[in-house]
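Order as written gives the chain letters A, B and C; numbering starts at 1 within each chain.
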Amino acid sequence: MMETILSNLPALQVLLPLLTAPLCFMIRKQGVTWLFAFLATLGSFAIAIDLYREVMTNGPLSYHMGGWEPPWGIEYRLDELNTFIVLLVSAMATMTLVFARKSIEKEIAPQSFALFYTAFLLCFAGLLGITITGDAFNLFVFLEISSLSTYILISFGKDNRALTASFQYLIMGTIGATMLLIGIGFLYMMTGTLNMADLASRLPEVMDTNTVRAAFAFIIVGLSIKLALFPLHIWLPNAYGYAPSTVTIFLAATSTKVAIYALIRFIFTIFGVEFSFGGMPLTAIFLFLSILAVFSGSLSAIYQTNIKHVLAYSSIAQIGYMMIGIALLSTLGLGAGILHMFNHAIMKGCMFMALGCVYFRYGSARIEDFKGLGKTMPLTMAAFVVGGLGLIGMPLTAGFISKWYLVLAALEHGYAGIVIVITILVGSLLAVAYIWRIVEAAYFQEPENEPQGEAPMALLIPTWILALATIYFGLDTRLSVEGATRAAESLIGGGL
Amino acid sequence: MILPPELMMPATVLVPFIGVILILLTRKFPNIREAMTLVTAVTTFLMVLQFLPGVLEGETYSYTFAEPLPGISLAFSLEPLGMLFALIASFLWIVTSVYAIGYMRGAGEQNQTRFYIFFAIAVSFTLGVAFSANLLTLFVFYEMLTLSTYPLVAHKGNTAARDGGRVYLGILLTTSIAFFLPAIIWTYAVAGTLDFQPGGIFDDNVNAVVAGALLLLFFYGAGKAALMPFHRWLPSAMVAPTPVSALLHAVAVVKAGVFTLLKISVYIFGADLLLDLNARDILLYIAGTTILLASLVAMTKDNLKARLAYSTVSQLAYVTLGALLATQAGMEGSAMQIATHAFGKITLFFCAGAIYVATKKTEISDMKGLGRAMPITMLAFFIGAMSIIGLPPTGGTWSKWYLMLGTLESGYLFLMGVLMISSLLNIAYLLPIPIQGFFGGEKDKPTVFSEAPLPCLIAITVTSIGCLVLFICPELLYELAALVYLGAL
Amino acid sequence: MSIVLGLFNYWVVIALMMIGFYLVIATSNLIKKIIGLNIFQTSVFILYISIGKVKGGAAPILEEGTELYANPLPHVLILTAIVVGVATTALGLALIVRIKEAYGSINENEIREKGGTT
């Protein structure tokens, strides 16, 4: 029995949340559904840790769904990159669920609790599936599973604008996914296979055809919509801004990261570096758009009055940093990009959780609500500041580490590198500007609202775990840097 | 030492934080709270002092906290320059604490607990800067010092204070992130290490253009050194209560800036490399210009604190200049200037605060004849001014002497001229204040003796005597300064 | 001529795709947007189905005497995609119902006037 379980861990990783989801929907008892969802996520997290260890010591492993050999059956392929991402996603999902129990009381109608957890688990399963699968079409299916449940999650928001935001995302997300589908179709036309490894080995023969180039373009654009690369980001601020706090935390920490993972997988594993960057002007395009993303995202963040929007625009800028890392096309750059995915998930998760605490007390998160919070909610604000410092890239926080590697990677690129370095630094300064506005309101202005007191422990504990993690991964970088380095090496080779 | 020596350094930096807890616990009882501040300050000073014999004998202490990036750690290591800076900062904290008791009560400031707390935190970070073993650690404490002093600068909480605080924070953070941080990363990319090492860390065959660019980035990155045109934050910071201006903007913060520059010149570049760089010439002229221009601007200011602020900008450029000269006398003079200027300028700020507390006067033109009402204050002001100008019998004489010698040694006669003109300008904008104080005004008015509160007077006396003592026995100071130069070889 | 007739299926795909895409972008009626999205997706379904055709191949059912079969895999794949499409449509329509309840309209412009974010 135990052996069967152990040998099927990769499948369980995804199936556990996927099968618990309908269970939650059927039980419909508030406390029980939370417990089920939490246990499923926790179990998934535990499996992720085990698989990560396994892959780190013994190298990549392949799991055949239903015993069918690849390339005919669906293969789950675990290597250094996706176990790292799975670890991140499942850890963040666990933290989010701890936060969710109390947080959704104020933001979602009680009769929808079960539905919320169902959608959450489906979304989680979808994200895990995208990350773990070795089959291109399977990736599309999981992408749609997670997307559809994301639309539902967003529409739970109290504000009516959550509905329109969700609808807008649905339209854009579906177009993106359909483009991905077209691209995969083209690849299948040319190679007759859907297995990623098989695709990678068969594509070189037909590389020099317009069909493959078109497939590449469709896939890149489709995924760029999902990961909110400038200028395809317009769905993101409203989706993050009006979704319930818990959902925002989860999306910010995992969803865009997984989309970036999928992009990396297609560019590096399936199409290969030579085609992606040699045949296509991808470096130039990505760098140009990422730099614009950093500037436009940071500048927009400065002028927002709703703090959720501030952080959402900041996410767009941060996605820019990750994409810069990928576009630099070196192990160092790619490693920095992956590292920033990891660190950013933690920092943004922490900040959105702090925001969720404020939301819990005041029912909104405008800049006015933050006035005087330094006195009335000291713990919440302290966590927020820690996350903010990370976002700016202060040393001793995780954000510094990833920016450090990013700058080192950029410096390898001569004059273009200097432009990137300047972008990163100006981006940091702009981050100071938008974070400082909030800090100033919280610590140096008198409250306008009736003070409500500190957030409950149930919210503070997960928030502070992430705040401490932000600091921890700024000091002890063994896990994060090694994980990212190994992942980058497995894609390109060479050292960080 | 109670703890093993390597643990003493982090312990020393932690002492002010323990003080913070004590201050918080006793916040309801102002007398005990201020006693706690004093106890903490004295303890900190003693903790720093115990390193002195070892450092003089050439011992080095080091302690590593963590190593977040391969080859780059968060670590402390104590050498003569850091020792000098830590000694001055921790000693003057005691004096300032005494002074603050009189001032804060006398001026009726709000939020005094917050004031004492952030003051202690700022001192702790200053010690962190002094103890840093590499550029990254220094950068961390440098930034935290900036952040922790913002609440002190914006203490009054009104619009003027907040605007001043914004300029303060804006310039300091911008320069450090835009120049300092890239310089650090670039240095790492070039040299492969960030540790401060005697004689510098660059290879002999390092690209001169790159090294020159790095030098420029570092000297503007340490915005706290207030090299023109990034000096605006210092006058803006004068909205702070006077004890803050005194300790932070005559000693801790600004000296953290020039300390950083001197330390980088000595332990990152080294004298030999510095002498080869063209960028050094550019910076020397910028420093010279800053000295003269800031003195000229100081003459136009009628507000006493503003005049002192510009005087500080000018005097800081002396340290920068000395560091860049990279000769023995130049670097020694630079290190000594850190100490003598600290004593002189803190005295002047104390006096400005004492005048404000006693009479609510802030403009120089209103201070004629004030010497008859506040003789001690005015006398101390006179001594402090002498030290800033560099006249005997005050400590400033020595630092100015060595700096002049340095310009001679390196053959920059033009800069020697700058120093001489600057001394004249110093006389012109500082000495009229005590002279007018004693001899100006309406003499027939009955004189009412109205000095500042006693704690203020004690502090003023201590620092002005300090100026005199530095003249009579400068041996210790010189010894440390000489060790600093040895490190640059 | 062969470019037009020989690649007939692709022209249909492109035409449908553009019609759908145009609808999504140009119309302000939310339901029409969903319809446009459906047409857009349908074009991809047709793409998949048509590439499964093998020249001269019979329907993929095992039979005596048949050597060449059409490729059944794209059809199977697209069944999944159709299911996804139906789910998307259902969800989109459900959202429209909620939007109508909240804003009293399904016209983008009117919703925007009432504070919506489309």
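Just so we're on the same page, contacts are C-beta pairs under 8 Å (C-beta built on N, C-alpha and C of every residue); 3 or more make two chains touch, one makes a residue touch a chain.
The structure displayed is predicted, hence computed values, not measured ones.
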item: Contact graph of the chains (line, ring, star, complete, other); value: line
item: Most heavily contacting chain pair (counted by C-beta pairs in contact); value: A-C
item: Chain centroid nearest the full-protein CA centroid; value: A
item: Rounded Å distance, subunit A centre to subunit B centre (Cα mean); value: 45
item: Distance from the mean Cα position of subunit C to that of subunit A, given in whole angstrom; value: 28
item: Computed distance of Cα centres, subunit C from subunit B, in Å; value: 71
item: Subunit B to subunit A touching residues, read off their complex; value: 65-66, 68-69, 74, 136, 139-140, 143, 151, 154, 157, 162, 169, 173-174, 177-178, 181-182, 185-186, 188-189
item: Subunit A - residues contacting subunit B, complex; value: 394-396, 400-401, 404, 407-408, 411, 421, 425-426, 428-429, 432, 436, 440, 443-444, 474-477, 481
item: Residues of subunit C that touch subunit A when the two form their complex; value: 21, 24, 30, 33, 37, 40-41, 44, 47-48, 51, 74, 77, 80-81, 84, 87-88, 91-92, 95-96, 98-99, 102-103, 111, 115-118
item: Subunit C contact footprint on subunit A (complex, rising order); value: 137, 140-141, 144, 148, 151-152, 155, 160-161, 163-168, 170-171, 174-175, 177-178, 181-182, 185, 188-189, 194, 238, 242
